[in-house]
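The two complexes that follow have chain A in common; it is paired with chain B in the first and with chain C in the second.
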Partner chain A sequence: MDSASLTSLAANFGAGIAIGLGAIGAAIGEGHTAAQASPAISRNPQMAGEVFKTMLVGQAIAESASIFALVVALVLLFTNLPVSSYLTACAFLGASLSMGFGAIGSGVGSGFPAGATCHGLVRQPAMANKLTTNMLIGSAVCQTPSIFSLVIAFILMFGDYSAAAPAPLWAALIGAGVSTGLSAIGAGLGGGLVAQSCCEGIARQPRAAGALTNSMLLGQAITQTTAIYGLLIGFILLFKHHPETNSIAAAMALLSAGICMGIGGIGPGIGEGFTAQGAVKWIARNSEGIGEITRSMLVGMAVAESTGIYSMVIALVLIFVV
Partner chain B sequence: MAIEGVDLIKAAAFLGAGLSMGLGAIGPGVGEGMAAAKACEAIGKNPKEAGLLTRTMLVGQAVSESTGIYSLVIALLLLFVV
Partner chain C sequence: MGNLGEVHQLILSLAGWKMVFNLDSIVMSWIVIAVLLTFGTLAVRKRDVIPHRLQVVGELIVGSLYQLTEDAMDKEKAEKYGPLVVALFLFLTLSNWLGIIPHLDEPTKDLNTPLALGIMGFVIAHFVGIRSKGWKAYLGEYFQPFIIMMPLNIIGELAKIVSISFRLFGNIMGGAIIILVVSHLTFSVVLPPFLNAFFGLFVGTIQAFVFTMLTIVYISVQTN
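Presenting the complex of A and B:
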């Protein structure tokens, strides 16, 4: 097969992967929000208008991750390629994997705070503004991992590979996409769990709203770290100079570095999300214990992070040592 | 592309190392997060016992960390010994 038709094949196949995987998360997240809005309305039908509005705003934010995926799919389908080579085909595949996987976690995660806000509005109608603001902040942070994926996808799609040797760069291009995309799943989901319990907490204990938002942002920032490791490995794979070689082992080391960091980032992201969710929940119930709770949250998250750091170490060894 | 026996074995070892550490990191990450979540909730209920609860949390997390360390050891063996 010549390189032009291979590139066109990769673009079409990649468009399918990008939007196919990218649609999973947003659909689940929005479904969760709607599933929470209905019982909230039945509890207090007078608030129906307010709850309906909040549901739609929350769903719109959850939708943005899959819109990024749609954009990547459309660019892959309708861009006229100036140069086509085997490397361009691999870059398209990497871009679609990055965006497809990267949209899953953010889509599901953004649905959680929106659902909790629908319940919170019925419980504390007077706190509507604070709840909605908090939902918007929390959901926006959930979207950051999918934005990382979008950035890597665009860099991959619009890179110029005409002067580069194909081996082992092809593996680095796919590895960068896998690393950024998969590691975004955990961070998106975890961030959503934290924002959910913060919205519940504000509805339960409106006086603690400021402290709760601060704790939420602290918890979310730590859940994002594994996505940042994934992005870092992605950038190293893309921009490091890989000496030309025909050895299949050298290519496999680069691909494996991406897979290792990508999969390894999922677990710590979700686990840290659980931790901060529990901590924020109890800061709302016992605001005097905030110091003790925050300290044990940070210690617990640091330990849960360790396997993500092991994955990054193995990925760096695969890139720079072997 | 020249594919020789030694090269192929190295390639498989590198891929295995990445998969070993990547997949092995999921379980401890989620499990330790759950342990820490329950510890935070328990400290919220009873802040006076924070020291005892933190100690219990750390011991529990250290045990669930063990499988992550096994994965790390296997990954390092695949990278440097095989």
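Presenting the complex of A and C:
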């Protein structure tokens, strides 16, 4: 098969993968939000209009990760991208894996704060504005991992590979996509958990709203750390010069560096999300203890992250030593 | 869409070393600095008990950021690091907003800017840590809980620079890419202003705040 037809094959296949995987998360998140709206309305039917509006806004934000995946799929299908060699086909595959996996976590995650906001509205109608603002901030930060995936996907799609030797770069291109995409799952989900408990907390303890939003942002930022390691490994795989070799072992080392960092990044993201969720929740219950709770949260997250650092070390060894 | 990732560079050779200057980032950073200096000068001019408008804005920004610093450290340290925090936040916010003006670019879209600021925060935090704890206690922390954990602890510390700077860079770069691609796909009809408002103003402010807060936390973790 010549490289032009192989590339269009990869573009069609990749478009399907990107939006197929990318549709999973947002749908789950939106369903969760809608499910939370029903009990909220049932508790206080007078607030139905307000809850309905918030539900729709929350769902719209949860959908943005899927829209990124849709954009990648459309670009793959309808844009005439430069074709250099069969490396372009691998780059398309990597791009679609990156965006497809990367949209899952953020989609599910940003459904959580929207659901909690629906409950919060009927519990504390006076805080409606604060709650909606907090939901918007929390959901926007949840999208960060999927934005990382989008960056890698676009760099992969618009890259020029005409001067490069095919082996082992093909493995690096797919590995970069897998690393960024998979590691974004945990971070997106975890960030959503943190934002959820923050929205609950503001409804429970309106006076602590400012402190809660700050703690939420801190928790979400640290939850994203492993997704950033995934992005870093992706960048190294893309921009490091890989010496030409036909050995399949060298190519496999690059591919498995991506897989290692990608899968290794999922767990710490979710785990750190739990840690920060608990911290934010209990700061809302007792805002006097904010200093101690934050300190123990930071230490707990650092420990939960250590397995992500192990994965990064192994990925770096695979890239630079093996 | 071809101009994605295109940078104007000035390359100087000095004694065998090649020095690369990203002219766009330098010019844009200086625009931000000029705007901030103008704002600062105007805000403190003709200070009065009954403040004029700009003074109110200035006092509001400085006051709330000092409060934020105080929440993380004690009062005495907050006085000391407050100016750093205010400067960092204002510089980053304005940098992230700059992209909404046509023909101007965010300096933070260039990885070098966030990386430099991240390294700055890291060095300050560790310098403060050594000064307040002493060399012995500072180095001892790397051998916790076991002596063999030392390399991983060091990597964990260095990874903080990576995480803080790539988070900002990825968000701003991603926003810029989305705006560019979606504008291209929709022939720049209707959508671009909303995208600019969301990614430039909203996400830009949040990310500047996150960066500032992480720097505060890194410093306060080292001092406690």
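Keep in mind that, in the parts below, the second predicted complex is superposed on the first by the 319 of 322 C-alpha atoms of A that agree within 3 Å, B and C clash if a C-alpha of one lies under 4 Å from a C-alpha of the other, contacts with A are read in each partner's own complex, and residues count from 1 in each chain.
By definition in this document, a contact is a pair of C-beta atoms (placed from the backbone, for glycine too) under 8 Å apart; a residue touches a chain by one contact, two chains touch by 3 or more.
All values derive from a computational prediction rather than experimental measurement.
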| item | value |
| --- | --- |
| Which of chain B and chain C A:Val317 touches, first, second, both or neither | first |
| Partner chain in contact with A:Ala167 - chain B first, chain C second, else both or neither | first |
| First, second, both or neither for A:Gly278, with chain B first and chain C second | first |
| Touching partner for A:Phe154 - first (chain B), second (chain C), both, neither | second |
| Touched partner set for A:Ser306, first chain B, second chain C, both or neither | both |
| First, second, both or neither for A:His32, with chain B first and chain C second | neither |
| First (chain B), second (chain C), both or neither touched by A:Gln224 | second |
| Per-residue contact with chain A, leading partner among chain C and chain B | B |
| Touching partner for A:His119 - first (chain B), second (chain C), both, neither | neither |
| Partner chain(s) touched by A:Ala253 [first = chain B, second = chain C, both, neither] | first |
| Chain C-contacting residues of chain A that also contact chain B | 295, 305-306, 310 |
| Contacting residues of chain A [partner chain B, same complex] | 167, 186, 190, 246-249, 251-253, 255-275, 277-279, 281-283, 285-286, 288-289, 292-293, 295-297, 299-301, 303-308, 310-311, 314-315, 317-318, 321-322 |
| Of all residues in chain B, those that touch chain A in their complex | 1-3, 7-8, 10-12, 14-15, 17-19, 21-41, 43-45, 47, 50, 53-54, 57-58, 61-62, 65, 68-69, 71-72, 75-76, 79-80 |
| Complex contacts: residues of chain A adjacent to chain C | 68, 71, 74-75, 136-137, 140-141, 144, 147-148, 150-151, 154-155, 158, 211, 214, 217-218, 220-222, 224-225, 228-229, 231-232, 290, 295, 298, 302, 305-306, 309-310, 312-313 |
| In the complex with chain A, residue positions of chain C that touch it | 1, 4-5, 68, 71, 152, 155-156, 159, 162-163, 166-167, 170-171, 173-175, 177-178, 181-182, 185, 198, 202-203, 206, 209-210, 213-214, 217, 221, 224 |
